[in-house]
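Letters are used for the chains, namely A, B, C and D, taken in the order the chains are written, and counting of residues starts over at 1 for each.
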C-alpha cells in the first residue's frame, strides 16, 4: 500500500481516487483505508460535519464582508471543507501545520480566533494568530515556500527525538515550484516526519491542473522515494484516513508521505477573481454534485445521527461563529502610523529607530496622533 | 492620438510588438484566457494563439529560465511576473543567466528578453503584492531597467524594450493601470525619445524633483501644490533606471542647486542613494543643500491599512522639498 | 519499455543498469536496447573508442597544465568518457547541447577548439566557444540552471516545427535543485523535445549520491510524466542506444525523456579538491575495474578492429590534440584591462562607457597599455 | 591570545557557539566530512555529529527554507552558502521568509538564522565564485548584514551573529582566509564591541577612508603608503553593513571633510552609494569635496585573468584619496 501508480490518468480525473463515502453519501468498501478510521464514532463524524458547516459559514460571511468593503480580499475555500477538516482533525495538538493562504478552515479547527484571522484579509496585520499559540504557521502567500519550512521543522522533530509531525498544505499549482520539489528531496534525504498535503482543487487561478501536470499529482512523490495516496478530497473520512496513515508513518520513523486530495475550488480564486472568464460553468455544476458537506449530511441522516436537533445546533454554532467574525472585523481598530515600524527586528535597530523617530516628528507637525494598535502588530 | 488607459497602452504595445516580429512571444501565469490578473494581455492569446501567448506552469525560475533557452533559439520572449513580490524565485536566473550571458559568451549570445513586472503599492493588497524591488536589478550589471509612468511611455518604451538586444526589466506602476492618457499608436519607434533618456515633465526653477513610475503623478501634484506656495519645482521622470540619464538632472541641478528624490522602495540602498551620490559627485559645487530622499521606510511592505503611511505622498514630498530649500520642515532643529 | 521502476534500489547501485557491453568487454543480449544501435559498425565503434581516448588525454593534459600553473582550475571527467561520447555522438549537428562545466568531452566531440576551450579554465574568458558555432551552450556553473534553458530551447524547436532536439547534461547532485525539477515540469507540460541526461557519477563534490536520493535517480522522471532509462554510463554503446531512443521520441513529437547514466567520477571534483578526505579508495579501485575505455578496447581487440596500427593512430591523434591544447594554453595572451568592459551589453550603455573611459584615463596616468585581447572577449 | 588564521577563527567561533547552545546547528553543502570547500567546518561533524553538522542535498533554497522551519522549531541554524554566487537560488527564501517572518508574525516568530557567505574576489576562480552580493541584502529590511575583516572579529562577530535573535548575513572575505591574527578565545561576548558598531582601525586627519571585509587590509596598506606622501588617512572598518554605524564616520568626517568609500561590489547601487548619500546628508556643511567611491566596475565579475583590473587596489584607492583631497588625480580636468 505504497507508491501510487497511475501514469496514464488525467490529473483532473476524480474517479481514480480512494473513497470511503461516495458523492451520494454511500459508504465504500475499502478495508485498508477504512482501517485507519475504524474508531471514528458517528458522533465524531457529526463533529466533522459541524466543522465543515461552520467553515462554510465562515467562508460565506467573509465573502460577504469583502463585498461590503469590510475586507480587502478573501480567498474562498468553498468546496474544500472536507479536505481541510479531514486532514487537520487527524492531527495532534503538538503537530505543526504549515499552510497556504487558503487553509482558513484548517486554522479554525486548530483554534484560531476567527475575528483575528480576518485581520489579515482586512489589511490590519500579516498574521491572524500567534503560530506558537496554535501550532500553525502564518499562512504562506509565496507559492510553495512553506513546504520547505515544514520539512525543516520536521527535521527538528527528529533531532528532538519526539514523535510529533509536521504537515504542509499546498495546491496543485504549487507542485510546479522548485521549492516544493526541493522539499521532497530534503524530506526523503532526512526521512523527515512530514506530510505533504496537496489539495488538487483543479485550478491555479485560471490555469487548469493539466497545465501543471499531465499525470496525477500523486504520482510525483514516489519518484522522490516518498509514498503517496490519491484520495477523494471531498470525502472527509477518506481524507482523515489517509492523513492518519501518513501521520502514523511519520510517528513511527517512516519518514515523509504525500497525499493528493482531489477536490474542487467552487468559488473564485479570491474575491478579486472572475472565473467566468476561464471556466466552463458545467464543470462547477458537476462538482456541486460531489459536495463534501451534503454527502456526509446524507450519510449521517441515514444513520440517524444528524437529527433535527443536531442540525439546528450546528446551524446555531455557525451563526454564532459568523456573528463573532463579523463583529471582530467591523469593530477592529485601524493600526496607527507608527505600527509600520513595529517588529521589523527582534532587537533594537538604529536604522529603523531613526526613521520611526523622524516620522513621528513629521506626524507631530500635523498634530496627528501616533497611537499604535497594540494588538498583534 | 488615442485616449486609453495605462493597461490598454501596454496591451497595445504587446500587440504591436507581436505584429512586428513573429519571434516575440509572451509567457507567464494566467496570461492566456484570463488575460493576466491585471488583464494586460487581454485578447492576445485569442488573436495570436497559445504558442505565442503561453500560460506556463506556476514557477518563476522556469518562466525566466525557459525564456533564456528561447532566446538562445532566436526568440524574443516577454515574461510576465504576476506581482513584484513573486520575482524572487526567478532571481537566480535573472541575475546569473539573463544578466550575464552576453558577457559570458563574449557577445555571441544575445538575451533580448523583456521581463514585465507590475510593481509598487497603493492598491490595498496583501503581503508580497506591493513591493518595489527595482534596486536589486539596477545593482545588477548586464540588465537594463525601465519604469514607465504614463500610457504613451508604457506603449513606446515597451516596444523599445522588446526590440532591444539587451535584457530589460520593465516595471509597471500597477496603481496607475486605470489612469488614462493620449497615446500615438502610429508613431515610429525611430522618432521616439531613446529608451535610456530621462524626461523633464515639468520645468521649474527652485528645486529639482526626481522620480519614476507611480510617483511621477504624485510628484506633479506636489509641484502644483508647491506652486501655490510660490515654489517652482522641476520634475524629472527618470524613465530609465539603469542606466540613469544624468544629463537633464545635472542641467537642472546646476540651475536649482536643490535635489529631492522620491521612490516607494525603502531608503537604504534604494535608487535614490545612487542618484544622490552621483549628483553630489557631478554637481558638488552647485549644491546648496544635501540631496533629500523621500522614500518608503526600511520595513517589509506593511499590511495595507498602513500603506498610506509607508508610501511617499504629496505632503511628505513637500516636506522633503522644504528640507532641500532650507525652509522650516519636519527635521528643523535636528542636527545631522 | 517506458518508465523506470526500481524503487527499492540504492541510487549508487550500478548493477541494476541496462548494458550492451559488460565491464570485461563482453556483449550483452538486450535486443530492445541493441535495436537502437544495430547500424553502428565496428569501424564506428572504433571511432567512439578514439573519441574516448582523446578525451582522456585532454583530461590528463589539462590536469597536468593545472598542476604546472598554466590553468587556474580543471574539472576532470576521468571515468565519464563513455557517458559523454555515447550521448553526444547520438546527436545531429542541428541538435543543441546545454552542458555543465564537466562536459568538456562533449564539447570536443561537437568540434570545440581545444585550445579555446581551455581559455575558460585559464581564466581568460568565460566561454570556450561560440555557442551558435557548435550548437553547444556555454558550460553552466550554476548547478542545474542549464536544464531550463534546454527546455526553453526545445519549446522553440516545437514552435519552429522542426525535428531537432535539445539535450541537457547535469549531475546527480543537480537533481536536488529546484530548477531541474521545474525543467521537468515545463518539459512535460509543453511536451518539449528535450533529453535530460544525468551523469550519476556517484559524487557531488564530497557528498555521495545517497545524500540526494535514497532511490535511483532514474525513478524521478516518471512521476513528472517523463519516461526514463537507467543505463551503464561506462558502456558507450548502451549510452548511445538510450540517447537515440530519447532523441527518436523527441523527433517524433513524443516529448521529453530522461536518462540516468550510472558512471563514476574517478578524479577529484576539480583540481582544487582532495577526495581522500571523504572517499574510500576501494570504491575507486572497484570502478577502475569498470573503466569505459578498457572494456571497449577489449571488445574491439577481440573483434580484430583495434589492430596495432589503429591503436597507434589513436594514440597519435591523442598526442596531436594534447599538443594543440598545450600550445594554445601556453601561447594564449592575457586579456587587457579594458577587456573587462567588453560585452556587458549588446547595445551602447552610458554607465559602462563612462567607467571604461575613466579607467582608461586612470591607466594612461601610469603610461600603462590599454590594449585588448581582441579574441572572444 | 592565540594566533590563528582567519578560517581557524571562524571554525573556533562555530565550535564555541555549538558548545554554548545545543540548538545551534550547521547546514550546507560539503560541510561534513570534507569540512567545507574552504575547510571552515573542519572537524566539526566528527565532534558534534551528523545531526548538528548537516551535509544537505544540493539546493540553496531548501537549505535556507528548511533552516526557517528549524527556527520555527526553536533551533538556531547556521547555513553555509558555498560561494557568494550560489546564494541566488536561496534569494526568495531569504528575502520573503527569513527577512520578513518576524514582521509578518508581529514578533511571535523569531528567525535567529545565520547565513555564512564566503564573498569577494582575488582568488583566481571561475565565474560565480568571486562576487560581492552584499548590497542586495543591505537593501532588504529585516536582515542584519555584517562583513568581517580580521580573525578576532571573525570569531567574536560570528558568535554574536549566532546569538542574535535576528537573521544575520555573515560575509567572510575568502581571500583573507589564510591571513593570521591574534584571537582572544576566552573573552566574553558581553565585553566585545556591539555587533552593530563600526571601528576606527587607523586614526588620521586628512581624509576618511571607509571600507569593510577584504578591502580593510588594502585600505590600511593604502594609508601606510599615503603616510609616505604626508597624507594622514583615517580608516574605518564598517563591520556592520546593515545597520551602518554612522557615528564614527560622522565624527571623522567632521574633522577631515573628505570621504572615500571602497568596496569590491559594483558602483551602481553598491553600499558606497548609501554611505555617500547618508554622509552628504549628515555632514553636508563639513564636506570639502564630494564623497568618492572606489569600487568594482559595473560589469559581471570578469574572468580571473582580469580581476586585478576590476578590484580596487592600493593605487586606485590612492587615486580616490587624491580626488577627495583635490590633489591631481586621474580625473583632473574632467568636468562632472
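A few points about this structure:
Please note the rule applied: a residue touches a chain if its C-beta (ideal position, glycine included) is under 8 Å from a C-beta of that chain, and two chains touch if they have at least 3 such contacts.
Keep in mind it's a predicted model, so treat the numbers as computed, not measured.
The chain with its CA mean position farthest from that of chain C is A.
Contact tally for B-C versus A-B: the pair with more C-beta pairs in contact is B-C. Separation between the centroids of chain A and chain D, computed from CA atoms only, is 41 Å. A straight line joining the Cα centres of chain A and chain B is 36 Å long. Inter-chain spacing, taken between the CA centroids of chain A and chain C, is 44 Å. Residue positions of chain C touching 2 or more other chains: 125-126, 142, 176-179, 182, 185, 189, 211-212, 344, 351-352, 377. Among the residues of chain B, those in touch with two or more other chains are 56-57, 59, 61-62, 85, 88-89, 92, 96, 103-104, 127-128, 141-142, 242, 268, 297-300.
Residues of chain D that touch chain B in their complex: 61, 85, 88-89, 91-92, 95-96, 99-100, 103-104, 127-128, 135-136, 138-139, 141-142, 242, 250, 265-266, 268-274, 276-277, 280-284, 287, 289-293, 297-300, 336. Of all residues in chain D, those touching chain A in their complex are 25, 51, 56-57, 59, 61-62, 64-75, 77, 89, 92-93, 96-97, 101-112, 141-142, 144, 164-166, 196, 242-245.
Looking at the complex, you find that chain A touches chain C at residues 3, 7, 175-179, 181-182, 185, 188-189, 211-215, 219-225.
Those residues of chain D whose C-beta lies close enough to touch chain C in the complex are 29-30, 32-35, 37, 55-59, 61-62, 85-86, 88-89, 124-128, 267-268, 297-300, 302-306, 309-310, 315-316, 319, 330-331, 334. Residues 72-73, 101, 120-126, 141-143, 173-174, 176-179, 204-207, 211-212, 272-273, 277-278, 334-335, 337, 339-341, 344, 351-352, 355-356, 358-359, 361-362, 365-366, 377 of chain C are the ones that touch chain D when the two sit in their complex.
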